[in-house]
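There are two complexes below, and they share chain A, which is joined by chain B in the first and by chain C in the second.
Let's look at the complex of A and B:
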């Protein structure tokens, strides 16, 4: 045998022996380490830069907000704060009392840290945070544990969206902020500061980050919630360490969960994996509701999409239950409002459920009748004189012009097969009415640019996987002020009545009054349908049976309450 | 043309090509559809927040101005800051590159060694059963769909049989153990390399084996092989000392270029095995419009490929004095 062949064979022999050697002595199982699988590496631990889901997951163990969501009611509940904020309408101010707490290095969390956080955000105008704080006129530390926020004007979102933001340590960030101020572009310098060891007051502190592989967290002995009862829950944490392991593909992550390499997959699982996971006795599957919205939007700046009746006909002919049962295999629910039904306080019940419970022929008949009543016609209508549904000719607009072909943009199937399939289904259902729609998958970035940046589109299907529980997004999505490049009003919807209600809702400090306004806004949107809500998938998660105490709430079991309560089974 | 003039001319050509690549990539990325900001915002952010983000990323400047900044920064060795990591892209690439080089160069070298050895043997036994079986197997291996075979190997060797890690490059638990020395850590990396290495080698070895077989068959028909036989040399000596080294030249050339291209990594291999290399970063940077990271990655690959081409050209000219371009 020649030299290269011997080398190769020698190497093969060596590596075949290697797993035997490695797998015997080194596998260390520590029951107090919770191993969590995540899809991608967190991009950063700089709180001012983090925009991706995995960075936020890591940071949620470290930095803490004043208030968080109660798992039962989903209303805000004190977290780093000791009690609910006290509102003074005369001064338009909120007073917040902090509970005794320490940062992970043992120093005290004080009102001064809160003041510093707000001032930093306002001074640097930090994107993602600034709009939540820009209406705060002044913030002052009344004493070591009391903070007072003075608002420029009443803002209903202050408690639900502002006070739930993280507080940072002055000790950690003041030197970094001062250094950033000396640079030509202070904001860029601040957000690009490399943070290797973030200082928080949460249940865990970062121990080390192995780039591309894992993140190790150790229990923060100074965590203010340790052994405390908050929202009727006795908090831990009951594990010593948390290990985030990074998996590039869902297939491998699922195998890792089944093999016991990880205890929880903090990652939405596709329904196709459920049968296999349910067969495994060591794995438990959790199905949770999500605050999400998947919808079809029209460009109402353009004719004929500016016609409400055309949009209503689309809603009638769209079989949302088909999506839920067939495309999403039952792991979803239909949506008949922009606000998910699980958001019970803000969701309006009394809204039209277009086409619900109707057969295909009934939907076509109803949509045809609506269009005919409003001036649309066909050479060969979808429903003949005897009431039979057939193949129609192309629809003719009220102006007498035949409707031109139009495109429904969808994300590609490799990005989201569900939305791509929905586009095709809606295309077919619209064709049943003689409406010449074509579904066209497009790369997600290009789709966003066309829809959000350039407004160069006819219709689109998009979704939000994590909608805030505060319904202020209704205002973002449909207020005419946001109809601009990169604005959230992608459909270009303009309705003075809606604008008036939306503006009023921002300053409605009485929750019941605001609820009334939000309900009315939903009614208007569901009548005019700039967006047609389609469905809302469930959050599918899986965890190993080795641990219990998961807190299942809207959004799943991957949350801070779970992290503080989960414990190894005896 | 003298060798020196050849090198000079080739270098100048490479500089021009590189400038074209430099400019082409910039405009390709910036004119391609997609907006990095749209991917970084959520409905809780106001349009003003999005504008702040645009300004922070420098995307509010006109394209020509951004191009001039880009050229200026390139000349000063500044490749920019990654939009997503908020860190210099050189730092991000520098962290990932050694991992890619380790996996892919090992795989290419091993595959080349195996391909040369086995290709030589099957050519020697041309027409025999071993030749038919190995040639067909090589063809099959060469055309295998890499992610499929990678997942199959993970399922069989790591999940069903066990003993191999499912993914990654290191065992976090082991590396966090202060008792683990450098030798143990090195073995751990090797342990994690096995499955990706096996997957890549199976694909590559087929390619090299087929090239070697074909080259060897050609060499065996040369007159000097006949002369060697006439001299009474042993068959083994003729195969290994006379035909083998000459026939392996095309494989060596191929390996040289493959090593250059290996810098971009096998994005699919790295994704399936969660190997923290540059291929995964490249895919991420392109799909998320992280222009600085994507541009720097492609530029780096371009430089390596251009230099590798220059080296191969010069080597050819040096080894065979008849060659002048």
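Let's look at the complex of A and C:
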């Protein structure tokens, strides 16, 4: 081919491709994408199976609840519902009116979808959801946008724990549920159903999932909150797309944030990164309170841990301030109850603060005295006759038997370095009392299997990063009914008085009366110490200055309010 | 009596010859000095906790320090995030490196030498079986298997880690020892021993073992390096013994607590130490190889 012909051919080719370049260029220029870094790939997009944090984050953009927490007051506020529920004590029923809303495919969200969701959970007894709905006797669609829930008995937790659960579309789930029913194990079939494009009514819909790399979401044009004012906030979303980028390690993710490759790290950051991030002018660090509980639990089914004095002695030598000041670098607060102190209405104040303000020697002396009073002895005690603290021999139980070695299970350091370090420190402090403790980090799955599934353990350190604001978890953690395989009562705590109060607290509709019961429950737990509460870390997050409008609330800025409000800075 | 003395002096003579060759080798000399330096560190690791309990590498914390601090007169290498002295940790790390490296290497040498000698001497089916078994172990990704075991059974004790490393590191040695045994088996002195009525056990341990031992010891130096690296890798990935302060563990702490790019005084020393100690063993091994194998020596050194 001669030269002019080649030039002409090249020119024609360029002209033909020009519109394509221009269109993509325009699209990129006009579209705003919020890029979010997450730590791991979501395990599933099946709402009934999703229990890991990253799946829940992805699904929170898609599925929506009837009510959510108001960022200012943390009380429930209407979300998919139009107004607060109306309670009828005569019928023991709640009536909820839905706001006009559409699923992402344009079909209408109706009361029938709500009825379908509740029936599906009850019929399949879907784990994690069933306990929140099992006391609902009947649910009916009064009209297209009104739904009525009939309860078996009055339940204080219905509005705070039940109505904040997600609603699914009948259109999406009915065929899947019907198919699951034909299987030998319907529940297993339902939770194992592979969901590739979940249908929700939230601000975003899933566009694409590149496994191992990223998830792409596009704005749902039918989102009911668009341009609405809810809880005094004008909602967007103001971005067209959201991109979840998966990073294996915090270092890489933080580097990406500093370089501007991502705009927000939806990931609790270790305190060690803060000084470096604060130096960067393009990055803003957010420190938020967290409704959380990190604790050490005992297997009180077994001797000698069934003895509460032994547990109290271990609580005395456990230096919680050490964890707060050193391990968590001050980005935490000590806990002396199962209910965080920031949850002011439900938190009981007059509880024992074991060992607070004592030096290491004073702790050892106090714990030694308590143990000696209750029948424990040593060949060489931790404190000699002159009151000097030294190296003790192994402790001898009141039965006369030497105490066997016992293991404190912790998550491994690569999962949570703080808890692994706490385990080691507690081991050393218990050794100071002659208690032969060994901290053993273990993979998280294996730890849960041992503690929750098999009850084959001595002690463990675990945490709840997102405790609900309603203190009903006290009942879940310590009611004897939940002492079963995979039950919430991991310690195997049994106390008839506590059980009675817990049962009563669920039905107490008067907040003041319920508060009294919850306080009493905390007193019992902090006396018996099946769990020793340790600390409550702050949520440390970081975002790029390119976006503003983050909603900082309990739990951090990674929440739906932020997603609906963030906008690029001009 | 005279015979024994003559043999002793001969052994001494050979050792001194070997030593002078080793010492003339610059690589070997550097390796040796490095190794002596680390040995000194390991010995010194017992001193800081005696000065003050705050220098205990695992549990001692400076009451005045609440976060990672750079080197200071009180803490020559600085402190970690909870106020523990980094120099004490580094010195203890040297002890752990020696313990893991030498023990794991010694154990793998014992396994490898025994299996190699038995396979080479017995031959036939037993040889094939043992060598195929060695092949199977050799192709196993040892780090991955140890990681899997660790995640299944919880964090492993340092001795279990040592045992696992040695169980995965013997096949290479077994192959070399087998080859040597096959060659030795054909020598007249073995035939003579057999004709004189020596049992198989006596032939293997009295006549073959002394001849393969130098080679086994040479391989031990290389195995030490791999054992140290495997332990460091395990600890860095969060699967080390949590009750042990090793250099890998120090790296894991600096990484997981978010100080990787902010505390070079914490990150660099353990990293450099791992590199140098493995290098020192490797250099010693190279020099020893030259001593044992005349073909590797320069012309003027051959004797």
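What we mean here is this: the second predicted complex is superposed on the first by the 518 of 570 C-alpha atoms of A that agree within 3 Å, B and C clash if a C-alpha of one lies under 4 Å from a C-alpha of the other, contacts with A are read in each partner's own complex, and residues count from 1 in each chain.
We take it that a residue touches a chain if its C-beta (ideal position, glycine included) is under 8 Å from a C-beta of that chain, and two chains touch if they have at least 3 such contacts.
Because the structure is a prediction, the values reported are computed rather than measured.
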item	value
Which superposed partner A:260 touches (first chain B, second chain C, both, neither)	neither
Which of chain B and chain C A:272 touches, first, second, both or neither	second
Partner chain in contact with A:486 - chain B first, chain C second, else both or neither	first
Partner chain in contact with A:443 - chain B first, chain C second, else both or neither	both
Contacts of A:245 with chain B and chain C, given as first, second, both or neither	first
Touching partner for A:511 - first (chain B), second (chain C), both, neither	neither
Partner chain(s) touched by A:154 [first = chain B, second = chain C, both, neither]	neither
Chain A positions touched by chain B in one structure and by chain C in the second	251, 443, 446
For the chain A and chain B complex, residues of the former touching the latter	2, 4-5, 7-8, 11, 15, 18-23, 26, 28, 30, 33, 40-41, 43-44, 46, 49, 51-52, 125-128, 130-132, 161, 185, 187-188, 191-194, 207-208, 210-214, 216, 243, 245-249, 251-252, 255-256, 258-259, 261, 443-446, 448-450, 452-453, 464, 466-468, 472-473, 476-477, 482, 484, 486-488
Chain C partner contacts - residues on chain A that touch it in the complex	250-251, 254, 269-273, 275-276, 322, 325-327, 329-330, 409, 412-415, 417, 420-421, 423-425, 427-428, 438-443, 446
Residues on chain C engaged by chain A in the complex (per definition of touch)	58-59, 61, 66-68, 81-83, 151-152, 154-155, 237-239, 242-243, 252-253, 255-262
Residues on chain B engaged by chain A in the complex (per definition of touch)	32-54, 56, 81, 84-87, 95-96, 99, 110, 113-114, 116-118, 120, 151, 154-155, 158-159, 162-164, 166-177, 184, 187-188, 190-191, 194, 197, 240, 244, 270-276, 280, 284, 287-289
